[in-house]
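First chain A sits with chain B, and in the next complex the same chain sits with chain C.
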Partner chain A sequence: MKHLPTHRLTADAKMAYALIAPAALFIAVFMLYPVFYVIMMSLFKTNKLGILQQWVWFDNFTRLMKDPVFWQVTGRSLLWTAIAVIVKTVVGMIIALCLNVEFAGRKFARMLFIIPWASSVPISAMLWKWVYDHEFGLLNHTLTLLGISNPPVWLGMPTWSFVACIWVDIWIGIPFMALVFLAGMQSVSRDLYESAEVDGVNAPQKFFFITIPCIKQIVFIATLLSSLWTFNDFNTIYILTRGGPAGATDILITSIYKNGFEWLRFSDAAVMAVVTFIILMVFALVYARTYFRGGDDAL
Partner chain B sequence: MKKLTYRNRYKIPVVLLTLALLFVMLFPFFVMLSTMFKGSTEIYVRPPYWIPKTFAFGNFVKVWSEYHLFGYFMNSLLVGLGTTALNSIIIIPAAYAIARFRFRGRSFALYSLLAMQMFSPVIIIISLFRIYVKLNLLDKLGGLILANTVITLSFTTWLMFGYFASIPKEIEDAARIDGCTRMGTLTRIMIPIAAPGLVTAMIYTFIQAWNDFLFPLSFINAQKKMPLTLGIYQFVGRWSTQWEMLNVAAFIALIPVLVLFFIIEKQLVAGLAGGAVKG
Partner chain C sequence: MKKAFLVMVLVALLATTTLFAAGQQEAAKPKVTVFWALYDGLTEEYRQNLQDAFMKEYPNIELDIVPIPWDQVYDKLTTSLAGGNPPELSVIGTRWILELLALDAVEPVDKWVSKTTLDNIFDGTKEAFINGQLWGLPVAAGARILAINNTLTKKVPATMEEMRTEALRIKNATGKYGLIMPGKKHTELTDFAYYLYSAGGDFFEINADGSYGKCIINNAAGVKALTYMVDVANKDKSVPAGYLSQTRMESHPVFYAGDAGYVMIGAWVDSALKQAGASFDVTYAQIPPFAGAKPAPLVITDSIAIFSGAKNKKEAGLFLDFFYRDEWKAKFDELIGFPPVTKSAATLPQFQSPLYQALNEAAAVAKPWPLIEGFAEMSDVIWDAVSMAYLGQKTPKQALDDAAKQVDAIKATYE
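Up next, the complex of A and B:
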């Protein structure tokens, strides 16, 4: 590999490039060029049609850095991701532990748990919008029956809207976590647990000293992937609240869209897109490194 | 008397906890099943109730014709099949090349494939819009097919690469000694052996295209060109929403993806979490 002749391509290499060409072309035209264009937009003054007008260096960046709303939105993006991923991990782990116990119908239960992940995100968000309806929705009705006398107006108040949105995102993300953790737990050797039982180790000890160390790598990859999906979740927020009320549920990804398509502030949208792009690149590099370190001998 | 082991002792609380968690996780689908059979007069009643007083099976017929669901359904089907076809044509040669050839930039290609899976289409949605204006791709199903192909490309190539790479080289070598050309080994040996992988990649692509909401929201204005997600989103009106219709439509839109998802679920988990998890 290191000693490939530089002056001339082997027949194999030529063929390989020809086979990859269509994919590379597609990525170049519909992914790389748009990324390049959005970087240009962030460095130019743009008009209401998004056409580049005047090179302004980093003026768009400095202007947005001074805007408290930008920092609020960025901060909320990170908070949104952190809270959602923690809850997904914990609940996912609980479900995985339940499904790891042998009981009749556990295969069926596993199947049912997958449904929120298998379902289409935009459709789920629309269903939840109806569930949350504060007058006719069955959620508040059920909560009342369970003894919560004054359930909140979910999508009307800033804080409750945020809670409502993040819950839907969590709900979508839980099944993936549960499935991956369960797959990990089932790959842990039975002998480890049995010899621990002989030594009189109790259940929590088994979990913390056998299960967790054995599935550490899987937990890390799943958490990383989930952070990314959570950070990128456009559909849930846009469909439930469109970032409202009064911007209380806006995160970077919805803000990019609203700046671009609703307020026609293309340069602002572009700056946020570039910031998001950088954050995602960091995630991507960490993911790629861990993935390959995980014993994949493909390279 | 049977010894009370670890598993037995915890069985009853675990089953109860599982049932409670299932109730929470399936709650919106229970609401959907309840709402979709209610007549329009039963929707706006306080307090709401679970079991419809009369089952309005007419909702299905009404949503299909009066609410244009048939058109949306066909558009989603076209976009899904189109994306799947285009995606397969592009990824098979690319994945094969990365799996079998040694060439400069191969590691870079592999890293990029993995990194691109982290990409969010929202980053490029504004510039893609400008490009679509220039290429006259707005309000075209073809535009949705192209966008969805790009977004699904990296993960599906990655998946196919894994399947190709796992096929022993000797099988191919034997065929080539018998006079099979390089392309012949791909179409007659590699693709048939990797068929389960290809099916996974195709189903994944179809599901992604079927569920896509961002691209139609940005690029489609004409009602005739709307896929299901955007079409159903139109039911959410500014002042009022036909909730029973939305729930019926959601039910119809979900059936195909749920069925398809269960076919590929194990391979999908394995593909995403890497070598650490084997489906």
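Up next, the complex of A and C:
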């Protein structure tokens, strides 16, 4: 007679479950429940406190999809993320390459580069708000000294305010990219470069055919994280422009806040939050799929 | 392994028990949280002294006066209400009261405050008296006035047209700014309201039964007001060059620095000027109407409300009784520069200056905000219309037509 395998938990397994339980409970209460509630709010009519009132199926979604402002805001969010992440990646890579070269004061330079990342985002944003101030700001003062008599009203004109906000997000995010890329570069074996030099390979070729392939996985992860953070960067825009002038810097995350906590339209805010969730989820899944497919090629 | 597990469980139990005991100890002392709007002129020293003095008189009550910039009070309050954790008390714009009533979020304040305190407050300032009950004590009430920098001009304009001409002269003659014009959206729609009311306009038509009808910001008066604002800013350029990036709070320091001739402002101007160390003479006058219209400055009242979801309402009432004594409330009024709302404070010598005379004169003809649900969202829409007109994206007429349609649509969602 054949004995069926028993599924009794070992003492170690019990201990593991006991240790994991508080964290699992914490995640369920503070992360899964709010996500579930937001999804419910998007399918319900809510009152001014966000309490569910009446099931309306997808009425909230269809109403919002018909609103041109929603599409403008969604498009602006994608543009904001694309520009910011591309610039952060390119500039971060250049800085990482510079910091990877042996020179006197390299450690000090690395320390300096971490400052924007180490500072809190609201403080950085407030600092830049003062820099951009038209009357008393450092930027326009400098531009005036350089002979530019009518410098832009950085936070008052639609295009300039978008540029100004995006620059602050980039400024805050570059150190992270640079340091992650630098860490990746330092893990590449020196032997590869030495062999390449013996074969007469020049510097750009070394970068494109050795460095980039070797740190590809790191670049993937860093840009994925940066995209998620940039798409959800509420602090920078809220502090600098609050989405203005006339909505010119409103992105999905600021619009969610405005609809939810300024206008108390929680259903609309929930719909936008669900759309944001879907966009980021699809993006992350596509990215993860590419990442794991490329895993076999990784060095 | 079993021993280690037992030790861990014991440690966890001990920690929980200690924390629980600490919590119980705290819970024994009722706590009153106050969302304290940071008016211009109000100092941290005053807030701290008030908090300490109250806790000295009532050692069994813990008082937490949370300072919040004015622009963020509404957001902070709605967030705390939505989160089910309202404060005991908060300073509110009285115009928010209908929204708070619809949410069943506020308590009648006269239930918790003594008769002596209530009787000492001028009836005319009790704007939050709705449906036979008082839903908030007036904390600040004052009409808006015109402040004039005498170093740049001595002209007291009789009309908006005169003010525009003089503002342009100041700019050309001195290189300073003629007029302060906040062009960046902030919580209040005050700046558009100054011009709209001065042109004889209003936000809504009034139905025969006294209720609000259609939005009429796009009528001749509204268009006249916005056209004036755009022309002064973009044609005359007699306002600060960066006006589009300045909220009300960010633009006023330009006046305090002596760099502008006129500013339409509240009663806090006097104490703000003192705190900024301004040394120039200032004349206080009425906001002028447009030619042919009657003067109608904006009057704003803020209240302090008790929240129904709060735990310690009785103690909140005790704090209000304490705060409305002359020792504290009159000092508060003096710091923020508003005329007193209490009868006893009104007789004090510090409230007999020319500034308060101008404020009293303005109060006689002043006009308040419409008391209508959804006004925060409507204000936002109108602000965007004003910004679009400033930016030249729409003409004043187009911008206000579109905004009026949107405001009517928002209003319909509340009917």
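We adopt the following convention: the second predicted complex is superposed on the first by the 259 of 299 C-alpha atoms of A that agree within 3 Å, B and C clash if a C-alpha of one lies under 4 Å from a C-alpha of the other, contacts with A are read in each partner's own complex, and residues count from 1 in each chain.
In the analysis below, a residue touches a chain if its C-beta (ideal position, glycine included) is under 8 Å from a C-beta of that chain, and two chains touch if they have at least 3 such contacts.
As the structure is a prediction and not an experimental result, all values here were calculated from the model.
Q: Fit or clash for chain B plus chain C once both are placed on chain A?
A: Aligned on chain A, chain B and chain C clash with each other.
Q: After lining up the shared chain so the two structures overlap, which partner does A:L155 touch, if you call chain B first and chain C second: first, second, both or neither?
A: second
Q: For A:A222, is the partner it touches chain B (first), chain C (second), both, or none of the two (neither)?
A: First partner only, chain B.
Q: Quick check for you: in the superposed arrangement, does A:E135 touch first (chain B), second (chain C), both or neither?
A: both
Q: A:F26 in the overlay: touching chain B, chain C, both, or neither? Say first, second, both or neither.
A: It touches chain B, and chain C stays clear.
Q: Touching A:R242 in the superposition: chain B (first), chain C (second), both, neither?
A: Second partner only.
Q: Have a look at where A:G50 lands relative to chain B and chain C in the superposition and call it first, second, both or neither.
A: Both partners, chain B and chain C.
Q: Does chain B (first) or chain C (second) touch A:M15, or do both, or does neither?
A: both
Q: Have a look at where A:A109 lands relative to chain B and chain C in the superposition and call it first, second, both or neither.
A: first
Q: In the three-chain superposition, say which chain, chain B or chain C, touches more residues of chain A.
A: B
Q: Of the partners chain B and chain C, which touch A:E262 in the superposed model: first, second, both, neither?
A: Second partner only, chain C.
Q: Considering only the contact definition stated at the top, list the common interface residues of chain A for chain B and chain C.
A: The overlap between the chain B and chain C interfaces on chain A comprises residues 12, 15, 50, 133, 135, 260-261, 266.
Q: Spell out the residues on chain B that touch chain A in their complex, using ranges where they run on.
A: On the chain B side, the touching residues are 6-7, 10-11, 14-15, 17-18, 21-22, 25-32, 34-35, 43-50, 89-91, 93-94, 96-98, 101-104, 106-107, 109-111, 114-120, 122-131, 146-147, 149-150, 153, 157, 161-162, 165, 182, 210-211, 213-214, 217-218, 228-229, 232-233, 235-236, 241, 243, 246-247, 250, 253-254, 257-258, 261-262, 265, 269-270, 272-279.
Q: In their complex, what parts of chain A are in touch with chain B?
A: Of all residues in chain A, those touching chain B are 1, 4, 10, 12-13, 15-17, 19-20, 22-24, 26-27, 30-31, 33-35, 37-38, 41, 50-51, 91, 94-95, 98-99, 101-103, 106, 109, 111-124, 126-131, 133, 135-139, 141-142, 144, 171, 174-176, 179-180, 183-184, 187, 197, 203, 217-218, 221-222, 225, 228, 232, 234-235, 238-239, 253, 256-257, 260-261, 266, 269-270, 273, 276-277, 280-281, 283-285, 287-288, 291, 294-296, 298-299.
Q: If we count contacts the way the header does, which residues on chain C are in touch with chain A in the complex?
A: Within the complex, chain C touches chain A at residues 1-2, 5, 74-75, 78-79, 81-82, 84, 99, 102-103, 105, 183-185, 240-246, 250, 254, 374, 376-377, 380, 384, 387-388, 390-391, 393.
Q: Which bits of chain A are touching chain C when the two form their complex?
A: 11-12, 15, 18, 47-50, 132-135, 140, 150, 153-158, 161, 241-242, 244-247, 258, 260-266
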